[in-house]
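In order of appearance the chains are A, B and C, and numbering begins at 1 in each one.
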């Protein structure tokens, strides 16, 4: 009887700690979002999202952060497109052209995991070094390339995980009709796995748009909206970072607003990708 | 009678397991050849060696020859896609492709670029009629193939294969996943099709073999024990094992 | 109706041969391209490694490795490059962050995989994923607005007055921009990451083990402790190591709250200057000082190597535990 109560006690203590942990984690999430909304929402005016910085902006005068919003979208879209260009063939290569159990596939996957783990500041420093070596200045293009490097391993590994789930029998049905691998890849595997692949790309996009360390030296920062790939560009994470370090409360308030906008974009993408993943596309075979 | 497919000294090993032991076989033209035997005897492996599907299994090692019109399909200069166009496969369960009903049948024509860019609709209608599917789906051609019942999907797969005008149809227990009525439907179709095509049927139901087969191959543990016309094998089996199998004591 | 018209027109042999040849050509090219491109990640990795090594070579040739790694003084303008303050800063912040994050994360993972009802699980998991998706500057902002003032105004004075005799808790830094602030922010950041890996590891235990243990009358906690935990311990450790490596490389959020002071910290309430922050704060402007460039890329290399070691170790263990990669 005594033993039993001790076991009960142990069970409730353990469970108690788990509830505390869970409370801490969800509490932190709530706290972060709440802080963001309370501080950021008042800064969200129409001029904030519709104007670029005007004269004296960094002293607290007129203007908005349209330059950073557009800049971030350009950077993340460009980076994602560029990464996609490589991710799709590489993940198809790993799943269609190279046998899954092959040693080479294992090596490539391990390297991709290693690349995924490299801190983005290292990519940033690397990108900057290459940029200088090529005689380029900080620009949208340099930012896009660096961001693509950050996103690449994330995207390939996620797509790899998606393609791994391709039903073999459907793939074989296509081979059975005399289709080649490339025909099967584009006509059968891609349509079948489309929702998962889109989710993978969006995941990488979300990662890219929030990444500050990689674009810190490579994309530059400017008040204007870039008109060419060679122009430097602002970005939302850096808008948060720079404006927060200004000594004027008016400018700091805009940092909160920028952070809120960035978070809304990231969360929207995260929710949207979840929704897409849960939806099987019309013709997918279950 | 001509022999379209001839198998000579075929050995198949997957990993370290020998699945097919030195099989030599003639598949007669324009007939239904049923491959019989207890499960695990290598029937399906033998079938999959005839359209080079074993290559999709890693670690498979094949020696010997599979001759199609006297030409070994495993020769270096033979194109595997061409082999699979000429030798169609009807799988155990219908595996529809992720596209519409119409596009499923058009798929093979499109990849092989048959009737390049010409209107495919009459052709597709023809093969759907041949597979006995047209009346049921003519109003819903652009719905996803998965909207069809399993039995209908199997006939769709049949139409999809027939559209390539294969010379041989390999059928791997094509009715085992179907309800009795759909199964009967497929059997009837195979019955009709043997006029025009050479059919190789793997089956584990003796009754189906009795109903459909003209020629019978009995396999056991990776070897061909006995083969001959259906009449001979069923009525007067020569080998003990065949007798035992036909009486139901093995398998 | 003319039956002939409804059947594929027999294409003539030459045309058929041409089509086949063109398909074969496409396939061959695609095969070369797709297989060849799998070299690309390896190439990227090698190029990064080679560039970092080549560009940090000047300083490695002029200074001894011990001077660099254990030198306590950082004065680039005088040509003195001691990395110890930054290495110590990184170790402090990461270490405390993991001490905070690991138990919480593992308890959460245990709860989610062993205790939570499906409804709870499907609500909490996405919330944790959202936490993982929040950009690092937002964490930094939260740190600046919430954690730093709390540490500076409440925690530090309180600790100073009650536990100030302990060496690691003394402070002459009244601002709150400190190792502790960095560690708290970092802990919140890596928690969802460690939870996700730990959860996945926990799920690899076959359900039969639970049933076997519960069937002999064990409580759920006993089942977790004696049956499941021994099976997943190495995997959980690997998850924590991946968390460490993630925390070690995190830049912006830490940079914003940690104070960035290049001295070796003596207390968790001191400011510190982790390696990634060193690179981020100085990399744009190092051109005029000799060897500065090499020193900063050297620290990027150091960061890369440390993270690499952690990652490789953790991946090897995880692969064994979850059986991934063997497939």
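We take it that a residue touches a chain if its C-beta (ideal position, glycine included) is under 8 Å from a C-beta of that chain, and two chains touch if they have at least 3 such contacts.
Since we're looking at a predicted model, the values are computed, not measured.
A.B. asks: Based on Cα centres, what is the most central chain?
C.D. replies: A
A.B. asks: Farthest from subunit B in C-alpha centre terms, which chain would that be?
C.D. replies: C
A.B. asks: Measuring from the mean C-alpha position of subunit B to the mean C-alpha position of subunit C, what distance in angstrom results?
C.D. replies: 52
A.B. asks: How many angstrom lie between the centres of subunit A and subunit C, each centre taken as the mean Cα position?
C.D. replies: Taking the average C-alpha coordinate of subunit A and of subunit C, the gap between them is 15 Å.
A.B. asks: Between subunit A and subunit B, what is the gap in Å from one C-alpha centre to the other?
C.D. replies: Computed from C-alpha means, the inter-chain centre distance equals 48 Å.
A.B. asks: Which positions in subunit B are in touch with at least two other chains?
C.D. replies: 81-82, 111-112 - these are the residues of subunit B that touch more than one other chain.
A.B. asks: Got the subunit A residues that touch at least 2 other chains?
C.D. replies: Counting only residues that touch two or more other chains, subunit A contributes 101, 180, 183.
A.B. asks: Please list all residues of subunit C that touch 2 or more other chains.
C.D. replies: Correct list: 23-24.
A.B. asks: Please give the residue numbers of subunit B that touch subunit A in the complex, ascending.
C.D. replies: 51, 53, 56, 58, 80-85, 88-89, 91, 93, 95-100, 107-108, 110-112, 144-146, 157, 160-161, 164
A.B. asks: Quick check: in the complex, which residue numbers of subunit C touch subunit B?
C.D. replies: Against subunit B, the touching part of subunit C is residues 3, 5-9, 11, 19-20, 23-24.
A.B. asks: Mind pulling up the subunit B residues that touch subunit C in the complex?
C.D. replies: That would be residues 79, 81-82, 109, 111-116, 118, 122-123, 125-126, 163, 165 of subunit B.
A.B. asks: State the interface residues of subunit A toward subunit C in the complex, per the touch definition above.
C.D. replies: 7-8, 10-11, 14-15, 17-22, 24-26, 28-29, 31-32, 35-36, 39, 86, 89-90, 92-94, 96-98, 100-101, 104-115, 117-126, 128-130, 149, 152-153, 156, 164, 180-183, 185, 206, 209-213, 216-217, 237, 240-241, 244, 255-256, 259, 262-263, 266-267, 269-270, 274
A.B. asks: Can you tell me which positions in subunit C touch subunit A when the two form their complex?
C.D. replies: Interface residues on subunit C, with respect to subunit A: 23-24, 26-27, 30-31, 33-35, 37-38, 40-42, 44-45, 48, 51-52, 55, 103-105, 107-108, 110-111, 115, 124, 126-131, 133-142, 144-146, 188, 191-192, 195, 219-222, 224-225, 242, 245-246, 248-252, 256, 276, 279-280, 283-284, 296-297, 300, 303-304, 307-308, 310-312, 315, 325-327.
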